[in-house]
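In what comes next, chain A is part of two complexes: it sits with chain B in the first one and with chain C in the second one.
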Partner chain A sequence: MERYVYKRGGKQHDLLAAILINLLPTLLLTLVFQLVPILIAGWYSFLKVNLMAGTKQFIGLDNYIKAATDPKFLQSMATTVEYFLLRVPLQVLLGFLLSLLIYQPRRWTGVLRTIILLPVVTSMVVVTSILALMMHPSNGLINSMLIMAGLPAQGFLTDPRQALFSIVLITVWKNVGMTMLFFLAGLMAISPTLYEAAEIDGATALQKHWHVTIPMLKNTFIFVLITTTIRSFQVFGPILMTTNGGPLNSTRVVVMEIYENAFVFNQLGYASTQSVLLALLLIVISLLQSKLSGRKSR
Partner chain B sequence: MKPLKKTLVVLSLALLAGVFLLPYLWMLGSAFKSRSELFSYVLPVSWKTFIPVKPTLDNFTTLLFELGFTRTILNTLGLSAITVLGSVLLCSMAAFALSLLDFPGRRLAFFVIMFTMMVPFEARMLPTFLVVQDIGLSNTFTALYLPWLADAFLIFLFSNHFAEIPFDLYHAAVIDGCPHTRIYSKIMLPNITPALVSGALIKFFFAWDSYVWPLIILRNNRFQVLGVAIANLFTDQSIAWELIFSSALLSTVPVVIIFILLQRYYIAGMTSGGIKE
Partner chain C sequence: MKKTTLILLLVLCLSLTVLSAAGQAESQGTKPSELKLLVPQSPGVVDGVQAVADAYKRLHPEVTITIRSVPFNRYKEQLQIMWASNDVDDIITTGSPDISNYAYYGALLPIDDLIPVSERSQFINGAIEAVSYKGSIYAYPFREAASALFYNKTYFDLAGIEAAPLDKPWTWSQWEQNVTKVMQAAKQKTGKTVWGITFLANPGRGDFWLTPIIRSNGEKGSATYKAISDDGMTLTGYADTPQALEAYRFYQSLYTKKLAPTAEVPDAFGTGQSATFLGFLSSAHDLKKNFPDLEWGIMPLPYFKTPLTHTGGFTYAISAKTKNAAAAKDFVKFAGSDEGIKAYFDVSGSDLLSRTDFAKRYPQYFEDPYQKIFSYILQTYGEARPTTPAYVLYNSIMGFNLFLDLASGSDVNQTVQTKIKEFETQARSM
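Here is the complex of A and B:
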């Protein structure tokens, strides 16, 4: 694509001014609040920081060795993976089905789409509060309905076996509309002639989806799978608000572990190491995405 | 359609809508109940669970005049306004330079912005806190928005839209004597208004949702924002459910109104920034 080219030592002073005025503020903010923190985390990950004494001691790879053998950290990773395994298939499948349901324009599709998107824009704190109160063991709406249907009341966030899945339910309820939206965009891009050809060949509705929709949505599936995966490894807000990692550490995900080490135990070096490990993991997943979907970077 | 099949379709659609609407209806009704009424109709579930028998505004007066929510709401409005205006302005400026101009270092600048996008806030939480503390911004209002103005997602969104403007338009403006420094505001910005609205909405919902960052960076209540205030009501382990519901309603009403009015811009922005073939 065409651009106005500025050459070093050229006489296009107003072009140079335009570049500097427009780019520098954003670049400066990116450096100070995003790149420098990443570098600081990298540097701190090799340090033992003592806030009381105000000392910083270089300890090489000790923090990394500690992380690799720390049962608490490894357990938090395992819990995060478990959360990811529970959430991603549920959210992707539901999002896909919802998009199939409302993609043919009918009288009710617009309203339904708006309703499903409301939780996406509603604040996370509000969604978590209301859904957590709905799941309250003694006064929650869901248990009231279960009891009326003759079913036993559940512990939800207070039950170590159900807490992580309850967090999954909260986050999927909030975010499934976004997944649906990405699939809708993918569905809109499929040429109708493909379906017509399949119909002429005598394909049933199910066969049409299996042989046309799913292969044509391959890139959308990859995109949705990877972004939801990344989101799963970032999960934190709803857990900090509701269970704080409990009960019995059943919702102690990796960001919760980092948060506690950083802001409760003041283990700045070790928390930095864990941050670096999480960042590396997410960078690898992001790179995987650009590789798989073959997206051109400009 | 046969009547039976039609009834089934309508029923299942109503059920689906109910799954997403029920929490909102519960919040709406409970926000206008007294605590005793709220807990009286928990079981069995009836219309009284959702609709207040003796509606009251006491919860809202308590929040606004006793618990400091007037100030909290003004803080959140201010934070949202500054975040939206600042980030839309700065990111569209950067997108202009990155997508329509070429200069030594452009690829490096682009790479840095793209790289930082891959490391989400949760992995940068601690070091960003340390940086903000070191430059003396902790406990300030500035700390709430300044780290969030440069936003790679918005830069990509605006770049995509600038790239669709015919280059001849730029060229013609230069020939007509418009200096490069004024082309952004005079020629290019008016041409991507829909994208600016999309970006503004995305940023508004983001700023209105602030929770973890203000929780970490603020040590007193002066600049308290809604997210933290509601979460505090919730985590206090008190039984002031009626206050949780009414504060949640205060936070949700503006968001829902803005979304319903402008949703097509939000949808266009979210999907065009994500997957572009």
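Here is the complex of A and C:
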């Protein structure tokens, strides 16, 4: 099938109409359920909104000033950044290494691929529940194994020093399979002739990956970094299910703060402001990642 | 032509019949109306309210009733979103502690006329105050709750400890001494390491369950016992008194002394992993159903200076934006009447009631032994939860986050002060 290329001034109105009709449902859904709520959140960020009383009062930049001086919000931002710094390198590195492991078909590749992808197709709720039970400080499997090995039992999700990293482990375990798939797709697109040429030049396996694989996967790395970053800043479900922001606010991430302000404290305007700030931060980080990766490749 | 005349006459007759029927209905005051009810998915509640609606419809066939139910833990969000729109459910079934919060925002209709002053003494202590805001009643108190301490009879027997009688609860220090002996006896004689106390969710959380421990360290009427100012907006001077801080320290010691688990232990009491357990009436029914071989009993909640248990439960309230205020009030009145309660209990099983006079007229609904114990506890030690228009904030900050932080080992004084400040700041910006 030939790829369609639009030519200016062409008279392919039927084809254009067909494309538009096909796109219309998606565009409409995106508009209604994504763009309009984003715009409303932007507008609400300048208001004091009370859903129950049905009142909206314009308060200018008050919500933004409050956010800039709110220690709870700033602390939740810091916790989110910490979570992002722990999760993103770990997930990207593991995903990349796993893709290298199963790239070359071997006898055990199929089994390994299934094992790695199993958490991806399992519900986050199920994954979180199982891992939380395994990490239970007194009845959990991991502590039983540690004790059997003569090591002290750990608090995991109940220890303020370990809780955030325990959440990172849960989310990485759940998502690393998908990251691996992206890298695998990237690896498959690399021409074998490049490796042959490297081999002729006498490159070792490590040099081949350093000089061929990694540069050729540049776009995949950018994509994976950006999507994992966005997901890291949006983490909510596993925390709500396990620690609810505790212990001692050690897992209180920014989305948790937004949720609580909107639906527990009935401060929808302030929650919208926090959402806008989070979105802006994500845009900045994504642009930076994109730029830095581009500069490195040049 | 004849045929056409005949048809016209037929249409005319039919129209006249319909019009006269409508006129009759109008003159009898039975205007057709539609009522919408929003109910949380809590065990027995949806079926119970449906039975009340069915009984009401039998008396008022002109009223159409639609019941919508949403998951219990999403109920409050649903209420907020619903009240933000103009298409609201006329009647809601919600917890009594949240009523003043909703009334503060003007989301509910006052219903003083449904509970005349002469009838208010028929409700348990604090039930009317819990649903009142600025002198007006905003909900019809219906179901109640009370907490008690369940104990493992087998372990208590091993230690030779007798549980506290219903009329003479233990103090918390008596509880600690006795439970420590029970834990040691269980370890020595069965080899099992058991917890001293477990909660419905571990570590413990929720104002209903835990604030009574703190309040009990004050004399009735004292700032510690009150827990919050009369206007429900100030905690300084109430939640940070030396007595309150002492009680908070005791609560934290449950975890530092390893008397209570710092993480969830599913069915800890039912599976014999805990010597005592803080539960309520449904816990008794669940234990009987799921762990028939377990030997257990119930005693009142221990205390420091004044024994108490928090009360509160489901109420019927009417949305301020309802377009059928008269019909909604009529339904709520019926739901709170003997007939309404009977319809509810017949389907959902009997429970604790806000109205005490019903039990005298219908003792057959109070034959369950556990219900009798809890009814006694409710009437003897029942006290409304701290009444505040910011109850949602209060429960979240002081009922959940504070107790969870204490269980994690945070500094008591500093954590209490931080939470008080957080509550008061949020309450001011309501």
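We take it that the second predicted complex is superposed on the first by the 248 of 298 C-alpha atoms of A that agree within 3 Å, B and C clash if a C-alpha of one lies under 4 Å from a C-alpha of the other, contacts with A are read in each partner's own complex, and residues count from 1 in each chain.
The working rule: a residue touches a chain if its C-beta (ideal position, glycine included) is under 8 Å from a C-beta of that chain, and two chains touch if they have at least 3 such contacts.
As the structure is a computational prediction, the values presented were derived from the model and not from experiment.
Contact with both chain B and chain C is seen for A:F263 once the two complexes are overlaid on the shared chain.
Once the two complexes are overlaid on the shared chain, A:S123 sits against chain B while remaining clear of chain C. In the superposition on chain A, A:T158 makes contact with chain C only, not with chain B.
In the superposition on chain A, A:N139 contacts both chain B and chain C.
When the two complexes are overlaid on their common chain A, residue A:A149 makes contact with neither chain B nor chain C.
Touching more residues of chain A than its counterpart among chain B and chain C is B. Of the two partner chains, chain C is the only one that A:N50 touches; chain B does not reach it. Applying the stated contact rule after C-alpha superposition, one finds that A:L206 touches neither chain B nor chain C. In the superposition on chain A, A:N219 makes contact with chain B only, not with chain C.
According to the touch criterion, the shared surface of chain A, contacted by chain B in one complex and chain C in the other, consists of residues 139, 263.
Taken together, the chain A residues at the contact with chain B in this complex read 1-6, 8, 12, 14-19, 21-23, 25-27, 29-38, 40-41, 44, 101, 108, 111-112, 114-119, 121-134, 139-141, 144-145, 147-148, 173, 178, 181-182, 184-186, 189, 219-220, 223, 227, 230, 234, 236-237, 240-241, 255, 258-259, 262-263, 268, 271-272, 275-276, 278-279, 282-283, 286-287, 293, 295, 297-298. Listing the residues of chain C that touch chain A in their complex gives 76-77, 79-81, 83-84, 102, 105-107, 261-265, 392-393, 396, 400-401, 404-405, 407-410, 422, 426, 429-430. Contact residues on chain B toward chain A in their complex (touch as defined above): 13, 16-17, 19-24, 26-27, 39, 42-45, 49, 90-91, 93-94, 96-104, 109-110, 112-116, 118-132, 135, 146-147, 149-150, 152, 155, 159, 163, 167, 170, 174, 179-181, 183-184, 205, 208-209, 211-212, 216, 226-228, 230-231, 233-235, 241, 244-245, 248, 251-252, 255-256, 259-260, 263, 266-267, 270-271, 274-277. Residue ranges of chain A in contact with chain C, taken from their complex: 50-54, 72, 136-139, 155, 157-158, 160, 244-249, 260, 263-267.
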